[in-house]
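Right after this note come the structures.
Across the two complexes that follow, chain A remains constant while its partner is chain B and subsequently chain C.
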Partner chain A sequence: MVPSESRHFDLTCCELDSVERLRAHLAGGRTLYEVREDGQGGRHWQALTADDPTPFVAQTEPPPFAAKAFFFAEREAVFRFDGERFVAIEPTAPAQVLFGLHACDLAAVAYQDQFFAADAHYQARRAAALLVGLDCRHSCSQGFCTLVDSGPEVRAGTADLILLPTEAGWLLLIASVAGAAAVADLALPAASRDWPAQRVAHRQQVASEQGDGQWLQDGIAAINAAKVSAATWESLGLRCLVCSGCTTVCPTCSCFAPLERKLPDGSIEQERVWDSCLYEGFQKEASGHNPSALAGQRVQRFWQHKFGEGFRQTFGRYGCVGCGRCDHVCPGGIGVHAVMRKVGKPCSN
Partner chain B sequence: MLELTPRALRLLDFYADGQDSRHFRLRIDAPQPGDLAVIPGQFFMLGVPGFGEAPFTYVSPPDEGGEFSALIRSSGRLTARLFELESGASLGYRGPFGKGWPLLLGARRVLVVAGGCGLAPLAGWIEEALHHAAPLQLRVLYGARSAPAQVLGRERERWRQVLPLIETLEHGGPEALRGSPLAQLDRLFAEEQPQVVLCCGPEAFMLAIAKTCVRRGVAADNVWLSVERRMHCAVGLCGHCYIADSYACVDGPTYRYDHYLQLLAHGNTGHAGGELGVGPC
Partner chain C sequence: MRVVPSICTFCGVGCGIGLRVEGARVVGVEPQPGHPVSQGQLCSKGWSTSFAIDTAGRLTRPLIREAAGLRPASWDEALQRVAGAFREALAEGGPGAVGVISCARATNEDNYAAQKFARAVLGSNNVDHCARICHSPSVAGLTLTLGSGAMTGSIADIDSADLILLIGADASENHAMIGARILRAQARGARLVVVDPRRTRLARLAEQHIQLKLGSNIALLNGLLQIIFANGWENRAFLDARCENVEVLRQHVAGLTPELTSAQTGVPVAELERLAYTVSHAKAAFIAYGMGITQFQSGTNNVVAVSNLALVCGQVGRPGAGINPLRGQNNVQGACDMGCLPNVYPGYQPADSSEVQAKFAQAWGVPMPQAPGLTSLGMTTAALAGDFKALMIMGEEPVLTDPDQHHVEHALRALDFLVVVELTMTETAKLADVVLPAASFAEKDGTFTNCERRVQRIRRAVNPPGEAWTDWQILGALAARMGYLGMIWADAEAIFDEMAALTPLFSAMSYPALDAHHGLHWPCDAAHPQGSPRLHAQSFPRGRGRLLPVSQVDPDECPDADYPFFFTTQRLHFHYGGGSMTRKSPLLERETPAGLLFIHPQDAADLHLHDGQGVRLRSRRGSLETCAQITDDMPPGTLSMPYHFREAPCNILTNSAQDPQSKMPELKACAVAIEPLPPGVAPRSADELNKEAGYGSF
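Our next item is the complex of A and B:
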C-alpha cells in the first residue's frame, strides 16, 4: 500500500461477524502478524497461520514494540564489496499483514513513511504490507493520543482496514484500495449502524480519560521557545543511563549506524543497525570534537526530535505519537510524562 | 531512491600537503554526467573497504574523466588506513552531497576566512572566483597553527600571485601576522569593508569570526559557514549530523550565519569546537 493512495479514500463500513474469519482470510497468501502473550508476562508480534484457533483479543495497552522493525529493520545489509566492485543488496519484501495495530502506532508508520520516502529498503517492505488497525475504546495506561492527534480512532490514510469494536459487535472500515481488494472475497454486508457517531463516542471517552494535557502543552511551548535552560537539560541528562530503551521502543525514532563485517569469502558487507542519539559517541567526530558531549544535550536532542516545531512543520505532526512506551522502559524515570512536566515548569528553567 | 551503494573509485596518487595531511588525486571509475555538477563546498563519501565511509570535501571537482582531488588529514581509523594504501587502490565513492557555497553572490568585495584544514572546502570556490567573468575583490585570510601545519601549499602559491592572501600563524612567522586570524580583521576591515564573508574552520573559530564581521557591519545573511558534523549516510537518514531540526549532510554543511544561529537557539549549543588549526579536513 502506498500511503498517499489511501489518504483521501472514503471510508466504508461493513458488519464483521467474526474477526477470526477476517484474520484467517488475510493470512492466506501472506504472513500475518498479531501481538500475542508469551505466557511469561511478555507480548510479541508473532506470525500466525490461517488456521490459528486463538480468539482475537482487542488489547487496550499497545504492545511493547510498535511496527517499526517490520519496515525499518533493526539490522540489515545494504551493500557488499567483493574486492573491486560495490554491489547493492536488494531488500527482501514478503507479503505481510500486521493485524490489530493501534492508532498511535499507525500514525508513527505514516510518519516514517515520509521520513523514509526515498529509502528503497523501507519502501519495499512497506509496499508489501497490509495494515489492519484497531480503534481504541479506552485509554491505555500511559498514552495521550488525543493530545497529539494520533488516536484513539485510526487516522485516515494510515491503515488499509480498521477494526471498530462496538457493544453490539465488530465493524470493519475499508480504508484503502488495497484494503478493499483484500476483503472483496468475503462479501461483507454494509453496516447500517451510525459508525461515525460510535467513533466520536470513543474519542470523547478516551479524551476524558487522558485529560486536558496542560502538562504537555507547557512542555512543548517551553521547548519551542528555547526556554529550557542547559541546567535543566543536564539535570535530566544525569538520569539517563544511556540504555537506548527509549529510542528502541519509540515508534518514530529512526537513527542508524553503519556496520561493516567480513564474510568468510573475504568480501565485506555493509549493514546498517539501529543507533541511539542518547549514546555519548553518537556525534563524536574523528578529530575528537563532540557537538553533543553532555548528557543533557543528548536528552534535549531526543525531545527536540519529538516536539520540535521544525519537525512538526516538515512531517505535519509531532514526532511523538503519545504511545507512552518511553515511560514504560526508562529506568531513569525520564519518559515523556516526567520530562514534559519538568521542562514545562517555569521554576525549573 | 537514495544512493546508498558506493561506486568504484581509484586512488591515483598523492603528495604530502601539510602536517598529517595529504593531497589525493582520485578517479571515479565510471563517471556519469551528474559527477560534473559539483558545487564547491559540497562533499563526497569516501569508502575505504573494511574501514567504513567518511565525508570529505572536494578541492578540485571531478572532471570529465572522473578525476578530482581532495585534501585529507589523518585523524582516525579510516584515514590511517587510507594513508597506508598505494596508488591504484580500490576505494568507494558516493556524491556529491549537501549544500555548497553560494555561487552568485551579487557582491564584489568578498573575504574568505579559513582556519587549518578549513581552507580545503573553500579552495574550489576560490578557484572558481578567480575564473569568474566579473572579477571579484577577493581577499583570503588563512590561519594555521604553524608553517608545517599549513595545507594546500601549491594552491596558496598560485593564489599569492593573483590576490591578497593574508596568512597568520599561531607559532612562528612574522610578528605582525602571529596569532589568530581574528586579530587581522581590524586591519582588513579598515582597508576595505567586505560585503560577503565565507568562513570555514573549527566551529568556535567560525562563530567568533562571524560574530566579529557582523559587529563590523557585514549583514548576517551575507556570512556563510561550513560546519563539520559526523556524517554516516549523507542522505539525511541516519541522524548523526543533526543540528537542531537540520541535518548537515542535506541542509549543510554550508549554512548562512543567521540561519545557523536560529538552529543553535533551538537545538544543542554544541559549538565548543577545537582550537584553531585542529579542525579536521
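Our next item is the complex of A and C:
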C-alpha cells in the first residue's frame, strides 16, 4: 500500500538486527513472496511461510519477472455471460507482501499505478499489498537505473519499507504510513548512522559502474527529434521475431487483449490477457488497415512509448526503468542496449 | 503462483520453460534463464503456451460414436469398445490389419508404451508416427552414409562455428531459438549462408543467400562438390582417414560443370564458386537443414547429398562442425528413438533381427511379430484396399498434415474402426469411432528428446481436466482389457527405467541423472555416463563415412500449361502443425488470416491481384480458396502456403509422390493453377467448398 501522500512521507530509519525476523513478522497474516532459486537455473517469486528458515539473500540481478503480474494479472476473468446476464467477476485480493523489490521494479509499479488508476481489479490487489524495497549497492549486469532515474536507491513514494544494506549490517527505512504500521510491533530502534550519506554513496557507486550513458542519451535524443530513418527501424524490425518476450517481461508494459472462453456449462467467460504491441495484429483495424503495418514501425512505436517525451510528461518519467530484461529475452538481439545504440548513431540515420 | 520447470512443446529445439501456475491452472510461462538450449528466451509459440493447454475446449470424457454422432461414455465402456474392435479386426485380418500411429508430441514414455502396445498386445510392427513426413529421409540417408540418423553435433556447436550453412530450413520462424543462436553467432563474426528458394528472414540477414530453384538441391550440392574437387579444396586428410568411395563420387560429379549447375538451379556461377570456397575453407561449418531437404521424392538422396558435401569438406565430428537435421516436433526424435517406427525397436534395434525379437519377447513375456510393419501411408493405403481394419491415432492430425488430404480422409473412413487419443476435437478425431481424452504435457511427468538428442524432463504442473488420462495410462488399461498385464506402471519413471534397461543407447540414463544436467544426450551408457553432445569424433557408427553418388531428381510434378505455378509449403513463426494448440491463443490467431498464399509482386501484377484479395488454387488433386499476400519472400513463378489452417488446408493440393527409400511424400513441390476471386469476394473455407462439392463436412 503506497497511497499518494506517501510520496511526501518523511523517511525514518531504524536499525534492523535481522532481516529474517522482519520477514517472519510481515508474513504473519499476509502471504509473503520472495525471489528464490528453483535449482534449475530459474528464479521466481515464491510464497514463504512465516517460519521459513532460509536466510534472506539480496538479489544482485533482477528476477526474470518483475512485480507486474501480482497486480496486472497475466490472465484474468473479468466478466461472465450466462446466456441472459453479464456478471462482473470481482477480483480476489488477499493481503500480500513483496519482499526485496529492487528500485527499478518499484518505479515500474508506481508507473503502472498511474496507468491502472481507474482499474478495479488492479487497484484491489494493489491496495492489499505491502511493498518492501531493497536498495542496490552495485549495478546488475544489464541495468542502467541511474540513467533513467529509477534507482539504485528506492525512490520516495514507491515502497512501504526499504531495506538498506550497509557494511555494518541492515537498516530499515519506514517509507509510508502502512509501512510504519506493519513494523510498529517490532519496536525497532532508531538508527544513529548517517543513512542518507550511505544511500548517496550507493548511488555514486552504481552510477560509476553504469557509466555516463551517452549511448542512451543519443538514442533518446534521436527518437524525440524523429531523426531515426525508416530504414534503420526496418533493419531492427527484421530482427524482431515477434516473440512478445520484451513486452511480457517489461515491468511497465500494460497492454491487454480480450479472450472469450466457453465454459463447460455453456456460459461465456471473458478474460483479459497480456498482449504485445510487436504483434502485427495488435493495431490492425477491422478494415484491414494497419497504422503500424511494417515490423520497423512496430519496433519504433514500442520505443516511442518507452522514451517518447510525450509519455514522459504524462507519467512523470520514462516508460523504461532500466532493468535490462528486454536484453535478456530478445532472441533477435534487439533489447534496449542494441536498439538505443543503433538509433543513436548518426551514421545509421 | 508456482513455477514448474518443464520443456516447451512447440518444436524440436527443446527450450526450457517454467509453467506459471495460479491455483489449478497454468496462466503463463517464463523462459528458464540458465537453460543450455534456449538461454533464457522463447518464441511466440512458447510464450503462448497457457492458451494452447487451456482446459476450455478440451476433451474431458471418452466419446463413443452412435448413429447420431459421438456421445460421452465411461472409460469402462469406451475401453471395452476399443478392445472389442481390435479383437475383431485381429480375428478377421490378423496382426497386419491393425496398427498404431503414435505421436511426436507425446513423451518418450507414451511412445514407448505405444510401440509396446503394437508389438506385445496387437502382435504387429504396424507402428509409425509423423517423422514419416518430416525427417524419415534423414534417418534413412544418414544411416546409409554415417550409420546414425540424428544430429551429429549439438545446438551449442553454433557458438563455435565460423560458418553456418542453412539449407531448406526457416530457422528463425520454425526453430526460433536456433535462429536466435545463429544471429548471435553472426554478431560475433560467424558467416551465415542460407540456401532456400524463399527469401526468409535469415536469408535477408545472411552474408549469402543462394535462391535456388525449388527442388534443385541435389544439382546444387553436386555442383558444389564438382567445384571443390576441381580446385582441390576437398579435405584430403579427412577423406583418407574417415571416408570411403571418394573416387566414385569424384568421377560422378566431374562432368557437372558450374555452368550446367547454374542452369539447373538458377544460381549464378559466381555465387556457386563463392559458396564452394566458403564451405570448404571454413574451420568449422555448422550445416543444418530442414524440410526443404527432406520433403521431396528425392528426400533420402537429398540428405545423402548434404552428407557428401559435409564429408568431402571434413565438416563432421569437430566442435562447431556437423550435419544437423532440424526436427519439427518437440519429441519427434524421441518417438523415433522409442521405436515408434515399423522397422526398429527402442534405440534403433532392428525389428527384423531374430536376436532383437528374442530379447524383447523375453523382456515382455510374449512372442514378437515376425512380419514387417506398415508405415502410416502404408496403413492408409491398405485401409483403402480393404486390408487394414482398425487403427489407433494418438495426438496426430493426419487429416490436415498429410499430403493429398482426400486420400487420408477416405482411408480413415474406410476403416472398420478408428480410435483417436486427443486433447481437443481435431479434424481427425471427428472421424473416430471412439475418442479418448488425453492429458497435455503440463499435466504429466515424462521426458522429451530434442533434435540434438538431449533427453529432458517434463513435470506435472496441474491435474488433467475432467477424466483425461496420460497416453501410457490409456494404453496400459487397454492392454489389460486385451489380456496383457505387462503395461501397468506405477509412474512415468518406471516406464523410463524399463526402456533404459532394454535400450543400450539410454542405458546410463535415469530421472535423477537427467534432473542434474538439464538432460543428457544419447548415447548415454557405461562408456558415456555424461551423454554424448557430439558424435563421430573418431569414427562413424558404420566405420568409414560412405560417399554415395546421387543424381538430381526433379519434382514429380513441375509447372506446365495447365498448372503453370510451382507450389511449396511452409510454416509461420506463430503456429505449430495443424494449429490445434497455437490457434487457441487470441494473439497468435489474430496475427494472420486463417489461411494465406504468398505470391511474388510480379506474379500478382500479371494476375491483376491485390494484396489480401481472395484466390482459388487448383492442383491435380484438389482445390481451395484463400487470400493472397504479396511478398518478395517468394521468387517469381513459385507460390507458397502455410499448412496450419483447416480453412485453407494446403495439403489438398500437395502431391503424395513418394521417396522410394523413406516413403516421404513430396510435400514441398507440386504444380498449381491460380485464379483471383472477384475483388471483395471472400474466400470460402474448405468446409464450405466441401459441402458444395458434396464431400460432406469433416
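Just so it is clear, the second predicted complex is superposed on the first by the 347 of 349 C-alpha atoms of A that agree within 3 Å, B and C clash if a C-alpha of one lies under 4 Å from a C-alpha of the other, contacts with A are read in each partner's own complex, and residues count from 1 in each chain.
One rule holds in what follows: contacts are C-beta pairs under 8 Å (C-beta built on N, C-alpha and C of every residue); 3 or more make two chains touch, one makes a residue touch a chain.
What you see is a predicted model, and the numbers here were worked out from it, not measured in a lab.
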Joint occupancy of chain A by chain B and chain C, clash or fit: fit
Could you tell me if A:297 is touching chain B, chain C, both of them or neither one (first, second, both, neither)? first
Could you tell me the angle at the CA centre of chain A between the CA centres of chain B and chain C, given to the nearest 10 degrees? 80
For A:288, is the partner it touches chain B (first), chain C (second), both, or none of the two (neither)? both
I'd like to know which partner A:84 touches here: chain B for first, chain C for second, both or neither. first
Looking at the overlay, what does A:239 touch: chain B (first), chain C (second), both, or neither? second
Per the contact definition in the header, classify A:277: touching chain B only (first), chain C only (second), both, or neither. first
Chain B versus chain C as contact partner of A:230, first or second or both or neither: first
Which of the two partners, first being chain B and second being chain C, lies in contact with A:310: first, second, both, or neither? first
Looking at A:189 after the superposition, I want to know if it touches chain B, chain C, both of them or none. Which is it: first, second, both, neither? neither
Of the two partner chains, chain B (first) and chain C (second), which one does A:120 touch, if any: first, second, both, or neither? first
Report the closest approach of chain B and chain C over their C-alpha atoms in the superposed model, as a whole number of Å. 10
Under the contact rule defined above, give the chain A residues that sit at the interface with chain B and also at the interface with chain C. 257-258, 262, 275, 282, 284, 288
Within the complex, which stretch of chain B touches chain A? 1-2, 4-8, 47, 49-54, 75-79, 90, 92, 202-203, 228-230, 232-233, 235, 237-246, 265-274, 278-280
Using the touch rule from the top, collect the residues of chain A that touch chain C in their complex. 33, 38, 40-47, 64-65, 69, 73-75, 238-239, 241-245, 248, 257-259, 261-264, 273-276, 279-282, 284, 288, 328-333
Taking the complex as given, what residues does chain A use to touch chain B? 78-79, 81, 83-88, 115-116, 118-120, 123, 224, 226, 230, 254-258, 260, 262, 268, 270, 272, 275, 277, 282-293, 297, 300-301, 304-305, 308-311, 314
Considering the complex alone, what residue numbers of chain C touch chain A? 1-3, 5, 16, 18, 20, 22, 27-28, 30-35, 40-44, 46-48, 50-51, 54, 56-57, 60, 172-173, 176-177, 179-180, 183-184, 187, 201, 204-205, 518, 573-574, 586-587, 590-592, 612
